[in-house]
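If you scroll down you'll find the structure; I have some questions about it.
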């Protein structure tokens, strides 16, 4: 009965939650986005440094459950170095997959494991919240540029 | 099936409703009381002239259903000439009878017919409202005297 | 139509069969709706939102599906549908939030003389508090809204139009779309009371272009304690909360708080989950029978009643057709309460009084009326029994 | 105890039997209560008050009998019992009427750090609006209210004490009577949130001498959408209405209105009739089983849970006994939501989060907790399954 759970909470996920990558308050950030999940108190604050349309650096701070923290950590590893457009596409793909819809998995790396969260409808938001923050941050960045 | 109704709406009641006695706004009133039944809009305004503790004159104005108008009319015929104490006692007896409780009928005259209203719980207030006004008016009168 | 779905119709009043002609007060509950409630209690019942557990998730889904169903039916977005405790609660919400924010001294509220107290009073009292003014749309001699006069009431001071779509006394449908246009033309919003409209008319809030639309579940086969407020998305976003409490917050500290997005902001505390499920079940039940069929059925009965009542010497009908759901009348020489008591003795349940619409009833030149109202479960026999009951009452009170 | 009366307990979560440990959010509904609702719908259902018909009279009687039953049970007068849409609605009513009337700039509200958002926010927001100040009763290290500190908070500026009788996170009972005395000594009133107290304690509002007391039906086997506000007679008489609408008026004209006497003034519109009938049926059901028996049963289960939870390495219990209905804890190295998800997979339904008591949860030094709550239908097996579930979670997440 814990089979589905094992698919979600794989070793790499537990590792990212316990030892988050790119944690910090990026001093050189060109935009940032704070999101909050009122239903559980999870918080993710994402910091992006965009240079010539490319996400040159990315960090996050926050607190919350395994899923939300691992998701943010994985996001940073996947997104670093991508163009804003690539990042937006990946964010859309991740969210779609996490909600059980069809979408390409290419480019998501280990983050794709977290799309198993679709088996746990009440936890989907934990996985998608940081990707949503990413999208908001990029849209803000683009608006400011325009 | 209209048997109980016939007991209530006797000829004398219909007559009092159609031709109310002592209708008017007593010019010599020493106290008066306006009551209103919000559930049906019935209104009774009772005017008393008290001389040396006795209700020397009594009139009413108002509008409403057969029961409320007949009750006010009958009340005035019964009460005229009674002492305040006698009137209070009669008011208590009438209200008790109308709610199906035991009480003496003596002194109520034809008004006693209206205590049949106890068979129609939703109409009890129509019958008792003028007696309640009488009680309030007398209590006010007594307070002012004291 | 489907009388057998309504167990209460088989009971007796004293020794008489029941003729229920008071659906405008509260409609009866059909067994299929009760069965949905029963099944929900037996399987998915739990508190909604904020739970990671399966039961909470299922209950939340059912609750939100109910919202979506109401939204589709009204032609609204589900982020425009607030569940409330009833129509009265819905109407108070608008005055307490939008009203308090926007109504100031010197402003004007255009309100029809037909309003139910639940529609009139929140604005009357707010106007008294802030020094705003109520301007009433009066009746024509035919008992319809005087549109000529109405048109003159809208001006630069008008902030709100408060209007019932169907009068709970006259049964007439008011031209909501037209009046809302006049309101919008002067920058006012239109707050529509749909309590008596939703059971008897196709309502499309988008087409009406009203800003708020309110109704109660219990007049529509659903349980008591559940109501709906539709509000235009852009307006809802700008409104402050109505009540404060659990589930309507984003974040709370000792000193301050921020609010949840969307309609949750207006649903403080545990909502009436079972009421929302019941409302959805009632809509499903009515849709299955077919709204058109129901409306036509109601129309035929009311038309018939109108004709036969008008033919009784001494009967005054209020308003003029077409009527939706309700018909009001008086019988010369018999007070409405006396008439209702005789009818009750005959098993015919009507309502007598001012129907929570005192200003209208006074404008009609009376203190109270008798009101008969019909819904899908009524039939020709019910009409026959009302008519024959009135004749009995005439004999009983010796009026000719 | 009477598990067979609760059909939902026989359902499964995935392939697992259900262990329902979330009654503090919403209690399940027993078949006998549902049967009362069903019978009411089938025989006496109608709108209440203002009707001369038999059906309306019967429904009104049942509704008013429900009020009397609640009054007797709380040791109050039936003219002191207002039916509302829920505990949140009740608590908002007090702030919106008494609060708006009496709270001014510079006044102070003494409020415990334990309050549910529904109890805190109406006063926090009112205080922000009028420029009054909230003064918080803090926790002792043992997780109880700090009475020494509390005592220092009452002064001539204090207008209200806002206090939960039983915390929905800690399960502790606060000394309401004592604190109400301190409030009264400085001329303040005591507003008590009884949402979590009524299922697990004998409540006597007269003995507590509180001024207002609020709770919800749905935590007490009754339907959602019904709540109660007790208010002292003399206070209720002085209050303005809360919502405006049908049934709460004495007289209405176009320009002004006057209000009904007594509690009707606070019940605008069609009340939740079926909710009130359900609440009365739930009280009857619980009384029949015996409150003492139920409380003792709950105590035994919670005591057992507390002992066994404390014995699990890594478990932190919040607060200290005796606990009423709820127990909160955390497991080191496992976030409450992850723990709740594992438990849910095992069929064990608990709640994880801030439980609508953010200030308290922060004061406890955390962001969220796991909460298990029990009621009469829980048994030893439920406790066993929770304890074994936590052990499974420890293995699953490799915490030691």
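As written, the chain order gives the labels A, B, C and D, with residue 1 at the start of each chain.
Definition applied: a contact is a pair of C-beta atoms (placed from the backbone, for glycine too) under 8 Å apart; a residue touches a chain by one contact, two chains touch by 3 or more.
Because the structure is predicted, anything quoted here is derived from the model rather than measured.
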Item to check | Intersection of contact partners for chain A and chain B | outcome: C, D
Checklist entry - By mean C-alpha coordinates, which chain is most distant from chain D? => result B
Checklist entry - Using the average of all C-alpha atoms in each chain as its centre, how far is it in Å between chain A and chain D? => result 38
Checklist entry - Taking each chain's centre as its mean C-alpha position, how far apart are chain B and chain D in Å? => result 47
Checklist outcome for this item: For the pair chain C and chain D, the C-alpha centroid-to-centroid distance in angstrom is 31
Checklist entry - Which chain C residues sit where two or more other chains touch them? => result 14, 50-54, 56, 249, 251, 337, 341, 352-353, 358
Checklist outcome for this item: Flagged in chain A as touching 2+ other chains are 39-40, 120, 122-123
Item to check | Contact footprint of chain A on chain D as seen in their complex | outcome: 14-16, 335-338, 341-342, 345-346, 352-354, 358, 367-368, 392, 396-398
Checklist outcome for this item: Listed in rising order, the residues of chain A that touch chain D in the complex are 1-2, 4-5, 9, 14, 39-42, 63-67, 120, 122-123, 126
Checklist entry - In their complex, what parts of chain C are in touch with chain A? => result 49-54, 56-57, 249-251, 260
Checklist outcome for this item: The residues of chain B that touch chain D in their complex are 36, 38-40, 120-123
Checklist entry - Residues of chain D touching chain C in their complex? => result 7-8, 11, 13-14, 18, 20, 22, 25-26, 28-29, 34, 38, 41-43, 45-47, 50-56, 85-89, 91-92, 95, 113, 116-118, 120-122, 124-125, 128, 134, 136, 216, 218, 223-226, 243-247, 249, 251-257, 268-275, 337, 340-341, 343-344, 349-353, 356, 358-359, 362
